[in-house]
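Before we start, here is the structure in question, set down as structure tokens.
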Amino acid sequence: MSAAATVIQLAGIVLAPLLPGSIQSMKARLQGRHGASLLQPYRTLMRLWGKSAVDPEGTGPVYRIAPALVAACMLAAVAIVPIAGRAGALGLGDDALVLIGVLALSRFALAMAAWDTGNAFALMACARDLMIAVFGEALLVLAMLLVALPAHGTDLATMSSAAAGTQIWNGPAHWCGALAFALVILVETGRQPIDNPDTHLELTMIHEGPLLEYGGRDLALLTWAGAARHWVFIVLGAELYLPHPAGFAAGLLTLTASVAVLCCALAVAESAQAKMRILRVPALLGVGCAIAIAGAGMWIGGVGV
Amino acid sequence: MTDLVPTLVWLVPALPLTGMVLALLARSARGADAMARVVAVVTAAASLALAAIALARGGGPALYGRWYLVDGASGVLLAVIGVVGLCSALVSPSFLRTSGRSWTTAARSRSLYYAALFLFWAALLAVPVAGNLAAAWLIVEATTAASALLVAFSGRRDALEAGWKYLLLTTLGLSVALLGIIILAIGQANLGAHDLQALDWRSLQGAAHGLPKAPTLIAFVLLLAGLATKVGWAPVHNWLPDAHSEAPAPISALLSAALLPSVLLIAWRVKDILQPSVGPGGTRAVFMAFGLASMLVAVPFLWRSLPWKRLLAYSSLEHMGIIGLGIGFGTPLAIAGVVLHVAGHALAKSLGFYAAIPLARVEPKASSRPPSGVAGESPATATAMGVSLAALSGLPPSPLFLSELLILLGGLQAGQVAVTAIAVVALALGFLGLLHALIEGVVGEQPRRRRRARSREERPILALTAILASGMLACTFAGLLLPGSAFIQTLAGGTL
Amino acid sequence: MNGILVTCMLALALAIIVVRRRFVGIALLAAQALALGIIAIDLAGGRSEDFLVASLLLLSKAVVLPLLLYLLIRRTPEARPVAAAASPMVRLLGAGAVALCAVLLIPPLGIGDAHTEHTSVALVLVGITIVIARRPILFQLLGLIVAENGLSLLAVSVPGGLSYVVEFGALFDLALIVTVAAAFAQRIHSDLGTGDTELLRGLRD
Amino acid sequence: MPLLAWAALAGVATLACGSILAATDRLRSGLMVQAAAMALLGVAGVAVLAGGQTIGAPFHSTVGLAFGLDPLSGLFLALLSFTAIPTLLFARDYLPGRPHAPAVGALTGVFLLSLAGVLAARDVVSFLVFWELMTLVPAAAILLAGRDREARSAVYAYIAITHLGGAGVWIALLALAHHGGIGDPAAMASAGTGAQTLVAVAALIGFGTKAGFIPLHSWLPRAHPVAPAHLSALMSGMMLKVALYGLIRVEFDWLGTTPRWLGLALLAVGLCSCLGGVLWALVQRDLKRLLAYSSIENVGIVALALGASLLFSGAGDRTWADIAFAAALLQITNHAVFKTLLFLGAGALDRATGSMDLDHLGGLLRRMPWTGGAFLVGGMAIAGLPPLNGFASEWLVLQSLVHVVIREPLGIALAGALALGGLAATAALALLCFAQMLGLTLLGVPRTQRCAQACDPPVGMRAAMAALALMCVALGLAPGLLLPTLAGLAPGAGAPVAALGAGLHVPGSGSYPTLGLALAIAALTGVLASARGKRRAAPSASWACGQPFVPALRWSSESFTKPLRLVLESILRPRRTIEVTHAGGMVQSVSYEGEVHSLLDRALYEPTVRTGLRAAALARRTQSGNVRTYAAYLLGLVMALLVLAQTGILG
């Protein structure tokens, strides 16, 4: 079983760009445009891989190593996320908190790169990203907590199987968790209303900002990393916060379905509302935290279970 | 050894008295100085010998005579008074050299100074060995007259004011104390004891159970109120900062390091002898109240940046409070702390006052403005000040650190948790003031246009610092042996 | 008859607190000492050494000290009388209240004569009150001596008499103190030009 | 007497010799002798820790000096030597040429001696002696190194606050000694709740002040920056830890039964400390002050773990109590290592550039590769990034908090949830803070001329920092080897905690395979970096909307934390002054001045001090200078005593 899970994890490395691609095309459809195809991200990656990288003046090894480190972190993250309640056999464990640490490392690497270029826009975007991450990380941990409670631990595989079945949805706790994690997905994938992925105005960029200076294979790595980030969080959301059966095969099917559902949801959400003021975001995430803590309280209090 | 005691007991006060006479006869300043040195050394030797005998007896019973009583406590006091008096006499010449005008002509003033100094010293040495309450009172009253003259020695208006306040207040206080003594005498007379022996510590102790409670209690509180004035316990301490800051530095040292504790000793003995008839609760409460009051009252004054000697005076107030607190606790640990504290405080405080002599050379306005950045001009003086203040604020390895620790432990031993906690806080608060003085005074801003001390001038104070500091260290290590020793057990059982 | 004299002593002390002129104050003190001396001699009865003490007491307190003080005021002339700290009535009432407290607060001390006991304690306290209530340096000194007189009154009325050593010693100390105090008074007067202790406020925090 | 005791004694003696040697103008050799001494002590500590036995005297409550070592003191002693040896090596090249260098070198030895003394003290007197010395010696050294107004006021605040708080230590220890509770939990358990509460509260205040818990922290960011680098390293690295040692001793070892509220109090204090510490850290411009604030944060994390451990042991959950305790000790160890490293690095940067102002540094990684590299490692470690050691302990603390929520009743669980969220936010804030610190100091282009010409320090200093950086990596790669030992140190430890080889594995967690993760990330990074290829386009200027990238466009510390300042305006209360000078209707120049004062200083400390001084001034009126008033006091006293006597209050 876990071998199969591993295979799918490795597949995830390849499949990841599908997610942003599908979201984009779906968005185009919703907005009545023809839009690019699902495979557009792959084309972009190919093109970038062919180009030569750029080193702005005054940058050093940190700038050069950063994209590789970011991509490596995302690879590790993909290898940590279990598939259909089965942990991978790549020996990186499957602990939620370790996953958070790895993501933090990638974020740090980008920030360092931004500081190395000294580019004001990159730094502005990093500052905002890190500021949002302060609240986002608290929200993420608390959301995870809501599944850790039934699973008696932070083992993602156990958590996923603890969240399986319909019984858990009787109480309000898990609903709170789902709500909180929905916000997490918005934050981490950089979707509206938090961030606008297809903006080209430097002043409004968050996740795109640090990529400004990069080109060629560096940019390819970073773009892929962005896609992998989608993969990690959408799969996690499907694993933990969408209804799914316990078995592996059935779980796999539901997983595919729920991933698709989530992508649609993201597309809809993004076309539905505008980007919010960045200084409002913390309040939103704070509300999320409150909901999560309330959920935890209800779970421990045994409300509705 | 003990057969020497009767002679020594008379010799010890007699020597300085002869010194007084010689001083009045002295013609030249140089001669007076030389005479003072010789007499001081001899006197100190005698008193230390007596102290050694007293202390060597350890837990043994006290030695009595018709007039005298020598026990462990008097041994400690004798040693302290001997050492401090010796140092004061030895630094006096350098003080007289630097001091400005005095209230008589220069020639007279020096012999007058020495005469008063030796009279004062003699009286101080007589107090701890006095075997009789009334006699002790008479001696203390005599010290008032002598020391008042010395306080006003410089003849400046402030000095006169300080001297007058000192004279008036302490005499009033002592008359209140005498009232208590007479009441005790009445009690004794009703028990059929009429002559002076009726007021011997020993016979009082023997008769304590027979004395009627109500009058004895009145006598006790009157005695304590009166002696408190002389000890400088709050709220009747007001003369103390004035007198200490205006008196010549060597005299301030004697006042603070020798006079206050020896009056305290009288109070302590009064407590011990009257406890049986008055009851332990009341006596302890009175001492603890005086102690806490003094410690707390000292705090706001220490927080102000004061002239050097005035600062030391207020710290004396605080330390007398600590000692009183320890006596009030009365448990063996506390008593060990008290003994150590008396010795350590004497050394540290006198060093501080001696440092004021070279300080006056560096900073002529030292009597009116707080010291600052002395290290720049005179490292030796700064060292002396630093050592003294650090020791006084109870920082390890000063003996006062250990003694305060012991006293506080003793307080818990006595079950006085609340009092102990308040005392800890009061100590910490007082420390803030001393700390500020320590930092600013030693390494603070350096006012411009001050003369640097020449290395020749530095030597004496440096030597004195070395001696007294090593003495303090010795006290600390001796103090580690005190708890549980037979000596302390006897003292805790009663000073007599 | 002793009772009357004792009362007189208190009355004289209260008088000292109100009078304005220093000379009168000294005179009243002398009178008080006289009363004390008579009481002492009376109480001494047949005992020779007590009689000696008493007569010495009389001599020194009623004659020598007043003379000394008189010399002092001769040498320290006041241009104009020192302003009063409070109105005479207030001072008198205050002293009276203090004396009353003494009566209330003092249990029988054991000499069998409550009147003397109370009065002597009252005298000590009134002495302190004089120091509180009077600004002139001389009157503060008088207050000191009044307190001492109160002590001697109690001392001489100790049944069987107090040890003469204590009596003499106290007397000697008093003489010493008063001499030194007189010297101070003179210095201060020559320094300030007046004997007003209100001006002695250089040392404060 | 066993060999170890001899080793320890020899260490102490050598340390003393080292101090004397340093004082007598043989500074370098003196410091090296001190290092050797610390090595001896470290050997003793490690042996005691590994062997789990105790040497020397046991704890006792009577008066009389006694010294000894048990595994817990052994751990801290080992830690002390591991951090002190590099520090001394650093000081050997750092100190010479500074004011009063010999005296400072000697005091360093005395400081180490007093730290070791606190750890080895086995009775109340010696503990308090060395406790006070530990506070005073660095103060003296600071004043020797520089006596300007700032240093003086910093030292005053330092001693004043720690001494006031220290009253708590005195009360706690005296009470313990009185009840015979030193080294004997049963005594306190029988002494009753009243005494226990007194001791617990007093110890929390006393040791908390020295450890830098908010709101008792105010001295820490003042004192650490003014000290010479190696002293600030020891103060922040070890002195705070020794305070935590005292806290652990009293609250865990000697209190007998631990009250529930204590665990919650520790959680609360820890949360305030870690959030507040990191928040104020990231608005500092002075590098050393930033590091000092981050010490507060890390101490707060330790407090969280300790609180969790208390809660678990209160609920009788031995396994998790041990794990949380181990988490605290691991965090202590890690912080000691990387905070020492960072302070030494700051010292090296200061020495090279002459400035600690973040906005006057930059571009130093390439100019000072050794210092920069070590500094980078330390910064990543303290930011809690895998696979370095900071993350390992943080992971354990997070795990214990998660299990507080899982296993405890509702109220406590909610507190745990709050703490969990707070700690997660702290981690993210630390990331922001240290990304900024490293970026401003090491990356980009140098902001001053001296930065541009900076170069690496002598070999000794480099070796010291490299060694500490290696320790960070090693502790990050193999925390699992330490975990069982640390868990075994918990008072009343239950069954030994199983570890997953080098990695960490606690019940219920999907394990944290440190080695595997590190290997994977390193290898992948290497592969991808090489895959990135050598092909380069012509180097270009970085993008600034087409205009040349002039220094005015560079980012400062203010700008990077701007979004956070705006979001947290109500807590941080930033003040800013912007001056715009016009001439002829045109803006000529704009000057911006922004600063963030500590909220607590303004809301708590300053008012308290003002009130206290005013009250004191009022009280001083009693010394009116009027002799008649004084006589009135006497009369009043006599009257009062007579009344008391008559009313029979005095018996």
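We call the chains A, B, C and D, going by the order they appear; numbering starts again at 1 in every chain.
Keep in mind that, in the parts below, a contact is a pair of C-beta atoms (placed from the backbone, for glycine too) under 8 Å apart; a residue touches a chain by one contact, two chains touch by 3 or more.
Treat the numbers as computed from the prediction; the structure is a model and nothing was measured.
**Student:** Quick check on this structure: which chain has its C-alpha centroid closest to the centroid of all protein C-alpha atoms?
**Tutor:** Of all chains shown, the one whose C-alpha centre lies nearest the global C-alpha mean is D.
**Student:** By mean C-alpha coordinates, which chain is most distant from subunit B?
**Tutor:** Most distant chain from subunit B: A.
**Student:** Name whichever of B-D and C-D has more C-beta pairs touching across its two chains.
**Tutor:** Counting C-beta pairs in contact for C-D and B-D gives the edge to B-D.
**Student:** Could you work out how far the Cα centre of subunit A sits from that of subunit B, in whole Å?
**Tutor:** 78
**Student:** Report the inter-centroid distance (CA atoms only) between subunit C and subunit D in whole Å.
**Tutor:** 68
**Student:** Report the inter-centroid distance (CA atoms only) between subunit B and subunit D in whole Å.
**Tutor:** Averaging C-alpha atoms per chain gives centres 44 Å apart.
**Student:** Please report how many Å separate the Cα centroid of subunit B from that of subunit C, as a whole number.
**Tutor:** Distance between chain centres, rounded to whole Å: 30 Å.
**Student:** Going by the contact rule already set, what residues in subunit B reach two or more other chains?
**Tutor:** In subunit B, 164-165, 168, 172, 176, 218, 241, 301, 304 touch at least two other chains.
**Student:** Do you know which subunit C residues sit against two or more other chains?
**Tutor:** Residues 106-107, 128, 131, 140, 197, 200-203, 205.
**Student:** Any idea which subunit D residues touch subunit A in the complex?
**Tutor:** Result: residues 363, 365-366, 380, 383-386, 391, 395, 398-399, 402-403, 405-406, 409-410, 413-414, 417-418, 420-422, 424-425, 427-429, 431-432, 435, 438-440, 443-445, 503, 507-513, 516-517, 520-522, 524-529, 531-533, 535-537, 539-545, 549, 553-555, 559-564, 566-567 of subunit D touch subunit A.
**Student:** Please output the residues of subunit C touching subunit D within their complex, sorted ascending.
**Tutor:** 85, 98, 101, 105-107, 125, 128-129, 131-133, 135, 140, 197-198, 200-205
**Student:** Which of the residues in subunit B come into contact with subunit D in the complex?
**Tutor:** Residue positions touching the partner: 164-165, 168-169, 172-173, 176, 217-218, 220-222, 224-225, 228-229, 235-236, 238-239, 241, 278-279, 281-282, 285-286, 297, 299-301, 303-304, 333, 395-397, 401-402, 405-406, 408-409, 412-413, 417, 420-421, 424-425, 427-429, 431-432, 435-436, 439-440, 443-445, 480, 483-484.
**Student:** In their complex, what parts of subunit D are in touch with subunit B?
**Tutor:** 63-65, 124-125, 128-130, 132-133, 136, 143, 147, 149, 152, 155-156, 159-160, 163-164, 166-167, 170-171, 174-175, 177-178, 198, 612-613, 615-617, 619-620, 622-623, 627, 629-631, 633-634, 636-638, 641-642, 644-645, 649-651
**Student:** How about subunit A: which of its residues touch subunit D in the complex?
**Tutor:** That would be residues 52-60, 62, 64-65, 67-69, 71-73, 75-76, 79, 87, 90-98, 100-102, 104-105, 107-108, 111-112, 114-121, 123-124, 126-128, 130-131, 133-142, 145, 148-149, 151-158, 202, 212-213, 215-218, 221, 278-279, 282, 289, 292-293, 296-297, 300-301 of subunit A.
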